[in-house]
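First the structure, in the form of C-alpha cells, and then the observations on it.
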Amino acid sequence: MRSVIMGNHALSYGAKLSRAQVIAAYPITPQTEVVELLSQLCANGDMKAKFIKVESEHSAMAASMGASATGARAFTATSSQGLALMHEVLHWAAGARLPIVMGNINRAFGPPWSIWTEQNDSIAQRDTGWLQIYASSNQEVLDSIIQSYKVAEKISLPIMVILDAFVLSHTYEVVDIPEQSIVDKYLPPLEMEYKLDWKNPHAFGGLTKPDWYYELRYQIEEAQEQAKKLIVDTGKEFKEMFGREYGLVEEYKMDDAEIVLISSSTIASTLHVVIDELREQGKKVGLLRIRVFRPFPSEELRKILKGRKKVAVIDRNISFGHEGAFFTETKAALFNEKDHPPIFGFIAGLGGRDVTPDVLKDIFNIVETTEWPEKDIYWIGVKL
Amino acid sequence: MRSVIMGNHALSYGAKLSRAQVIAAYPITPQTEVVELLSQLCANGDMKAKFIKVESEHSAMAASMGASATGARAFTATSSQGLALMHEVLHWAAGARLPIVMGNINRAFGPPWSIWTEQNDSIAQRDTGWLQIYASSNQEVLDSIIQSYKVAEKISLPIMVILDAFVLSHTYEVVDIPEQSIVDKYLPPLEMEYKLDWKNPHAFGGLTKPDWYYELRYQIEEAQEQAKKLIVDTGKEFKEMFGREYGLVEEYKMDDAEIVLISSSTIASTLHVVIDELREQGKKVGLLRIRVFRPFPSEELRKILKGRKKVAVIDRNISFGHEGAFFTETKAALFNEKDHPPIFGFIAGLGGRDVTPDVLKDIFNIVETTEWPEKDIYWIGVKL
Amino acid sequence: MKLSIPEREIMSPGHLACQGCGAALAMRYVLKSLGKRVIYSVPACCWSVIDGPFPYSSIGVPLFHTAFETAAAVASGIKAGLEIQNDEETRVVAWAGDGGTFDIGLQALSGAAERNDDFIYVCYDNEAYMNTGIQRSSATPWGAWTTTTPVKHFKKERKKNIVEILAAHRIPYIATASIAYPEDLIKKVEKIKTIKGTKFLHIISPCPPGWKSPPELSVKLAKLAVQSKIFPIFEIENGIKYKINIHVKKPVSVKEYLKPQGRFKHLTDQDIEHIQQDADAYYEWLLKQEELSNE
Amino acid sequence: MKLSIPEREIMSPGHLACQGCGAALAMRYVLKSLGKRVIYSVPACCWSVIDGPFPYSSIGVPLFHTAFETAAAVASGIKAGLEIQNDEETRVVAWAGDGGTFDIGLQALSGAAERNDDFIYVCYDNEAYMNTGIQRSSATPWGAWTTTTPVKHFKKERKKNIVEILAAHRIPYIATASIAYPEDLIKKVEKIKTIKGTKFLHIISPCPPGWKSPPELSVKLAKLAVQSKIFPIFEIENGIKYKINIHVKKPVSVKEYLKPQGRFKHLTDQDIEHIQQDADAYYEWLLKQEELSNE
Amino acid sequence: MADEKEIKWTGVKDMPPMAVSLGSMRVNKTGNWRNLRPVIDYEKCIYCFICWKFCPEPSIDIEAAQISERVDKKPVINLNYCKGCGICAEECPVKCIEMVKEEI
Amino acid sequence: MADEKEIKWTGVKDMPPMAVSLGSMRVNKTGNWRNLRPVIDYEKCIYCFICWKFCPEPSIDIEAAQISERVDKKPVINLNYCKGCGICAEECPVKCIEMVKEEI
Amino acid sequence: MIEIRFHGRGGQGTVVASKALAEAIALEDRYVQTFPEYGVERRGAPVMAYTRIDNKPIYIRSKVYTPNYVIVMDPTLIGAVDVAVGLKSGGSIIINTEKRPEDYKNFIDKGYKVYTIDATSIAIKHRLGSKASPIVNTAMLGAVAAYTGLVGLNAVVEGVRKLSPVKKDENVMAAKEAYKIAEEVKNG
Amino acid sequence: MIEIRFHGRGGQGTVVASKALAEAIALEDRYVQTFPEYGVERRGAPVMAYTRIDNKPIYIRSKVYTPNYVIVMDPTLIGAVDVAVGLKSGGSIIINTEKRPEDYKNFIDKGYKVYTIDATSIAIKHRLGSKASPIVNTAMLGAVAAYTGLVGLNAVVEGVRKLSPVKKDENVMAAKEAYKIAEEVKNG
C-alpha cells in the first residue's frame, strides 16, 4: 500500500509487519512517534505484542533481552542519549547472541543539548557487536527492519537500523507498505536453539575463564562475517518478493567513475542529485553508499574501489582525537591493496548543520583539484 | 619513595599526589582496591578530598562532572561494565569540556561474565571525546595520572588512564612514589575560565541549534590535536622533575628495525623481552608501543614507520564485524603515505587469555615469513 | 503596599515555556526565595528548553544542563566540589521534571537521599514526559491519556507515590506544593534553607499542551488539584513527622478538577468515582499519619 | 518421618559459595518451593559466581545472567516474552543481592513495581557488595565496617529501608524472611505463587567473609537478627496491610547479634545503644502499622 | 537593558570553547507568540498584584504610580514578552483584565 | 551420576555458540575446600534433619535406613561436596556432629 | 521540482497542513516529501515546514531554501518573520488573511504573486478549533490547491479525510469552501 | 630471573605472603613482580600466586609456567592439585607440613628438592589466626627466605612488618622462628 509516512512510522510499521512480539521502549526526541504509534497499535489490538513501558532506555534494552531470550521477537527504538544509556546492555545483547532489532534515530549528543542529526551516537556503538544498517529513505527503513529480523535470527546477533533525525525521521514521503501475508512468507517465525525454557534448563552467560572466552568472541566475529553474505542473499530474496533490493553498499553511476564519493544515510541520498549534476558537466564521478557499517564491507569496497583515481569519504560523525569513522574504516579496508587511490576525509553536517548539494559540490571540487590529500581531515563548512 | 604496590594502588596514589578533591566511585572487580585505598586515605585525613559513595558508575561520572564543573579536581576509577554504564556521561563530560581524570582497568565485557583483561571496554569509548592513555607498568600508571591532570586542565578535556586487569591492576611491583612537594610544583592548582560560580552565573550546555553546534565540536577536535604536543611537552617536563619520560608512543630497538611490532599495555611490555630475544637471533625487529590512543598519534606513526619493511599490530580487542582498533587506526594513519609497508593485524589475548612470549614469537614468525598479509585479520591462539 | 511574595525576580522573561506553563511559574517562585547564591543541576526536561538556547539563559543563576538520569548525582558532585573549596554557603538545587525524578532519575535521587547529601531536589510535576511530547511517566495519574497511553488504553496504574518513597529514605524534609499557592511554596523554600541534608520539594505544575487544558487555567487547575484532594499539600520531617499545610475543609469534587482537562475527557463516571475514592482514601491516610506524628 | 520443608532439591551441590554462605541457603529454600517451572534473572552478585562457570550450572532451572542494574527489567522482559508465547504458568524470578536491589538496580525494580509486572523479586541481603570484596552498599547497616567504610569512618548512614520503599509502590505483596526460618520463608514463597503482580521477598543472608563471622554461625546470626529486632519478619499486602509473622516476645539484645561479627567489633557501647534504640523504634512503628492495618 | 544584547561572533576564533551562556533570554521577545493581548482596565483595578504574582513569564512589571495614598504602584503588562496566556485575566479577582485579539 | 559429567570439546567447531550451561556443577567436588570434616555420631542422633535443613551446599543426603519403627531415614554427609562450614554441627540440637580436622 | 515553504505558529497544525498536501500529491501518484523545520515547537511560536513535489523519486534531503511557493498560515507572522526570504523570483505567497493581495504591496513590488484567503473565518464557520485559536490548515489547503493548481480537489479532500482525526466532514467542507473561493478569485 | 609459584587456599593469605616476599626483595634494591592467579577466590578453595625476581627491570607480563620454586602453604593441597606442574628440573618445593621431606618421595623421585616446615604450629604458637584456620604466611616466608637464600632475614622482617596490619610483632617472631628452623635444617 502506497502511503505517505514519516521515517519513524516506517520503523513502527516495519516492526508490526515483522510481527514483533515484545516492545520495550522509552521516548526521546526524535524517536517518540515510533513509540507512540506502536503503543497505539498494541492498544488497538492491531498488533499482537506486549508493550513494556519501561522507565529508561537501559531497561528498554534489558527487557528486550529478557524477552528475546525466551524466543520472542523483540523490538525497540531510541536515539542519541538513549542509545548511549543502553551502551552496556548493547554489549550484553550481542554477547548473549540475541536477535533483537532496534531502530536508532541519529541525533547529536549533548552537551550542548541538540536534537538534530549526526551519527556520533551510533558510531560510538560500533564496537558493541551489533550490526548496523544506515538507511537513506523511509522505504528502506521499513524494509530494513524486516530484512534485519531475517538476518539477526540466522546469525544470533542484534541489528540496529539507523536513520537521520528529522531529515528522515520526521520527513513524510511515499512508502510502499507491503502485505502482511507476503512478509510472513519472507520472515518465518523465530526458532531459537538455546532459549530460556524450563523444560530444557540452561544458564546463560555464566562466568567464563580465559580458557574459553576467546573462542566465544571468535564466534561472534564469525557470525558477523557470515552476515555479509546473508545480507546480500536476503536482500536478493527481498527483491524477488517485494521488488526492492538492498545489499551492503549501494552504487550509483559507478561504472566508469574515476572519482568516488562515499557516504551514508541521507547525505548519500542527496549525493544522487549532485552526481547527476556533475555527470551533466561531464565529470566522471560516482556514488558509493555504505549501507551496512557493521559488518564493515571491506571486501566489497576493495573490489569496487579498485583502480579508481580518487576517493572521498564524507562523515557526519567524528571520533574526537582521530577522524570520521567511515573514513578510517574505508582506508583500513583498502590499506593492504598493493595499489590504491588516495582517500580524502571530510566531516560535514555535525549537529544537524544542513548538508546541501552546494556543500557536496564543494567537496567534489576539493577532491577534483587536489592531487593528494593535503590534510588528515577536511572540516567542511565550519565557521572559523 | 620506592614501594611495592599494585597497579590499583598506583592509581590511588596518583590521585592523592595530584590532590584530587572529589572522588566519586563505585566498586567493581578488578578496580575495588582503588576505591578502598582512597576511601581509607580520605577517612584517615591523609587526603583532603570528599569521597562520594555513589550508587552506580553512572552516578560516579555524573557526580564527577558536577564537582569538576565547580572547579574542583575530580577523580574516579572503574572497569568494564562500569565503564560501559558510564558511556552516556562520558560523552557528557567531554562535551562539557571537564578535565576529569579517571582510571580504567581493562576487563572483558559480559556476557559471559569475565573478570580478566581485554581492551574492548575502553576501545568502545574511543568515540567519546576522552583522551586515552594505556600504561604498561605500575610506575607509568601513577605518573600518567599526574601528567593527565596537567594535560586535561590545559585543554579542558577528560582523560582516561588505562591498565590491564590483574596483569597490572593486581601485580605488585616496585614503584617510585614521588614527593608531594615536587608533584605540587609540576601540577599547579586547577583554574577554570568558565565554571559554576554564583558570582558569575552561566548556563552550561544549553540547547544549541545547527548554527553553532558544529563549531563547538570542531573545538573539541582542536583541543585533541593540541593535546598531542602537550603530552609530549608535559612528558619532557615530567622527565626533568622526576626522571621518567612519557610521550605519545614508546620506541624500543627501532633504529634499524625492518619489522615493527606495534602493541599497547602489558603486551607491549612483554614484547621487550621478545624483541631482545629476536635481536639476539639477529632479527631486525623493533617495538612501537602506542601509549596514547586518543588523540591518535597518526603523525608520529607515519614518521616512525616510514621505510620499514613490515608492520604488525597486536590488538587485545576486537571491534566485532571489523578488526582490532589499533590495527584499523594505524592503517588509517599511514594510508595516504605514498609508499607504506604492509600492516598485519593480529588479535590476541581476549578475555584474559595469556599472551606469552611464545605467542608473540609466533606472531613475529608469521610476519617474517609472509610476504604480504594473507588474511584481513589473524586470530592468534584461538582453539578452532 | 505589601506583596505576598518577594518582589525580586531572578528569572527573566523571554524564556521558551509555552503560554501558561506551570513549570515556569514554579521556577520563578523558587528563585524568588533562594536568591542568587545558588547553583542548579537540570536534567533533560522542559526546563532544558525553557531556559533558552546557547548562548542565552533566563534562569539568572548558574545552571549545569545534564543528562536525564543525573540531576541528583550532579548536584551531589557540585555540593562536594563547593565544600572542598570551602564554600559551604552556596545552595545547590537539582531541578527536574517528574520523568527525571520518578523514573529515569530515581536511582540517583535515592542514592543521594541515602547519603543525605546536602542539596534541594525540586521536582516540578506535570505528570508526563512533556518535553518529548506527552508520554506516560510513572507520575501520570490513573486514567490519564498520553500519547503512549491512548484513550483506548488509558493509564491503568496509580501515580507512583514519590513522596512516600522519599519518606522511606528518612530524609530531613519533604514537602508538596502547588503553583496556585505561592506563599505556601515560598514559605517551604525558606524553611528548606535552614535544613542540612537532602530536601525534596514536589510541585504540581499544570501544563496546557500536556493536560490539554486552556493556558489561562493553569493556576486554577493547580488550585483545584489541592482542593479536590488530588494533590494534598503537606510536609514530612525526617520521614515520619507529617503535617498537612493546607487542610481541605470543603473539598471540591475531583470531577471539577478533571473536567477542564482534555487528557481525562474519555473517563466514565465510574472511572471518576474510582479517582475520587483513591483521593479521599489517601487524604484520610495522611490525616492519620499527621495524627500519629502528634502522638 | 516428616520434614518441615520440602525434600526436593532443585539446586545442586558443587556450587561456588563460600563455606557457610547464607545466600546459597536462601536459593536452596526458594527453589524447593518454586520447583522447576521457573526462570531466573540474575544480575552481577555473588550468585553470578556461585552458580558456576561456563559450561556448568548448579541452580537447576533456566538462568539468565545479566548486567548489574537489570534484574527487574530482564524479568519484565522474560515475563512478557513468555506471555506473548501463551505461557502464563512459568514463574519468573529476579534474584539479586542488596547492591543490585537497593542501589544500582533500584530504578529498574521501581519501574517494574509501578507497572506491577508479574514476577517475584528476591533480594538476598548480605548487607554489602560481597562479590567484589565487601564494599558498602546502602543496605549496609549503620555502624558496620566495610572496605569502603573503614573502622575510622564506619558507615554513618542508616540502612536504606527497601521494604518501605516498595510499600510506597503499593505492590501486592512484600515480605521479609530469614534463612534461619526456612519454614516461614517457604510459606511465603507458597503464598507468592498465588499472587499476580510484583512480589518482593527480602531475605537476610549472613555472609561469613563479609560479616567477618565464623561460617558455622550463619544460621545463628540470621536467627539473632530476627530475635534482636534488627531484622523483623513481616509481610505487607498492597503496600498498606502489615502483618508481623514472627513476633519477638523475648528479644535478645542487639549486642548479642553484633558481637560475633568482626564488622561491628569497633563499636562502642554508645554506638550499640544507638543501634538498639533504632531497632526498637522501628519494631514499635511496625506494630503500630500492624494495628492500623487491622482497624 | 544591558542584558537584552544579542551576542554575535564570527566563528571558532571568537566564540567560547563550550556552550556557555553569555547573555539573557531577554533578547527573545516572546511578545510575538501572542495572539491574545491582556488589557488592564485601571479604573477597575484594585492593585492587588495577583496578576503579577501568577504571570509565568514574568511579563507584568510593577511600576511606580501614585494611584492613591496607599497605592503607589501599578501592574503594567510588558508586551515585549507577554505570551498572552490569559492567566492574569483569569486570576484577577475583579476581572479587570480583558484578553483582546492581537492585531498585526 | 549423569550430570556429574565433565564437558569437553576441542574448540570452536564443537562448542556452543554462546556461554550456555550444558552440565551440572556436581562435577565440582568442593569437598577439597574443606579443612574441617563433620562427623555424625549416629548414636546420639535424633534424626530431626535439622542438619540437613540448614546445609548450604546441600551436602547432607537423606538416605534410607531403618533406624527405628518411625525413623526410616538418616542424614549422611556427602564428603564429595561438604565444604566443612560447620553449620550442621552448630545447629544440631543434640550436638552430635563433631568437626574434625581434615587429613591429607 | 516544486518547492514550498509553510509558515505558521506552533499548535496551528502547520505540519499537518503540509502532510495533508503530501497525501493529496501521493494520491495522484507523484513523489512528495515534506518535513518540518524542527526547532522547539511551542504553542504560538513561529514555525515552518517544507514540501517538495516531483514526478520522479526525490533524493535531495537538504532544506528548502528557494521555494516556489510560500504559504502563510497566520497573518500576524508577516510582521514577525521574513516570509519571502529565498522565494524564487516570480514565486507566489499565499496568505491566510482577511486582507486583499493589494495590501501586501512590498511583496508585489518584489515581483511576487500574492494570494489571500480568509481561512480563519472559514475555519471558525466550520467550528474547527476555537474562536481564539481556529485550526485553519484544511481551509488553507483547499486554497493552496486552487491557487497553485498543484493538486486536484478530489485528492485534497481525500488527503484531508485521511489526516483529520476528528471532524472529518467539517474539515473537508472547509477545504472545499476555501477551494471554491480561491478558484473564483483566481479565475475572476 | 627467578620465578616462584605459591599454592594456598582462599583466606589463608597466600597473596599476602607473596607480597611480603616482594617487599623484602625490593628492600634489597632488586626488581620484583608478584601477582595472584586470579579466579574466584573463596575461602578454602585452592589458589595460586606468582613471583618474579630479577636484578633488572622485569618486562615480561605473562604467567609463570616454569617456576624455580614452588611454595605450598597448605599440605592438604598436595592431594587436590598438581603442585609440581612446570617446576624447573632441579627446582625446589617448600611445603608447610609436619612431615619430613622424605615423605614426599614422588617429588624427590622427579629430581626436585623438597623442604618442609611446620608453619602451622609456628603460627598457632604465635597466635596468628585461629587454631582452625591459622595464618601461616609469615612463618612460611621466613622458611622460604632461609631455604632459598633469595632474600635476607632483615629484609623479610621489614617486609613482614610493613604488611601486617595487626600483630606485627607476632608475625615477625613467626618469620624469625621459621627462618631459624629452616636454616638449621638446611645447614644441618
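Letters A, B, C, D, E, F, G and H name the chains as they come in the text, with residue numbers starting at 1 for each one.
The rule is simple: contacts are C-beta pairs under 8 Å (C-beta built on N, C-alpha and C of every residue); 3 or more make two chains touch, one makes a residue touch a chain.
Nothing here was measured: the structure is a model prediction, and the numbers come from that model.
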Touching both subunit A and subunit G, which chains are there?
C, E
Nearest whole angstrom, what separates the Cα centre of subunit C from the Cα centre of subunit H?
63
Measure off the straight-line distance from the CA centroid of subunit F to the CA centroid of subunit G, and report it in whole Å.
81
Measure off the straight-line distance from the CA centroid of subunit D to the CA centroid of subunit E, and report it in whole Å.
56
What is the distance in Å between the mean C-alpha positions of subunit B and subunit C?
43
Could you list which residues of subunit C touch at least two other chains?
16-19, 48-49, 51-57, 60, 63, 65-67, 69, 103-104, 106-107, 110-111, 114-115, 138, 208, 215
Taking each residue of subunit B in turn, which ones touch at least two of the other chains?
53, 55-56, 81, 85, 88, 92, 95-96, 110-113, 115-116, 202-209, 212, 215-216, 218, 354, 382-383
By the touch definition above, subunit F meets two or more other chains at residues 11-12, 16, 18-22, 30, 33, 83-84
Contact pairs between chains, per stated definition
A-B, A-C, A-D, A-E, A-F, A-G, B-C, B-D, B-E, B-F, B-H, C-D, C-E, C-G, D-F, D-H, E-G, F-H
Mind pulling up the subunit G residues that touch subunit C in the complex?
11, 40, 42-45
Seen from subunit A, its contact residues with subunit E in the complex are 111-112, 382-384
Within their complex, state which residues of subunit G touch subunit A.
18-19, 22-23, 26, 29, 31-36, 38, 58-63, 65
Under the definition above, what is the set of subunit A residues touching subunit C in their complex?
26-29, 32, 35-36, 39-40, 42-44, 53, 55-56, 81, 85, 110-113
State the interface residues of subunit C toward subunit D in the complex, per the touch definition above.
102-104, 106-107, 110-111, 114-116, 138, 157-158, 160-161, 164-165, 167-170, 240, 285, 288, 292
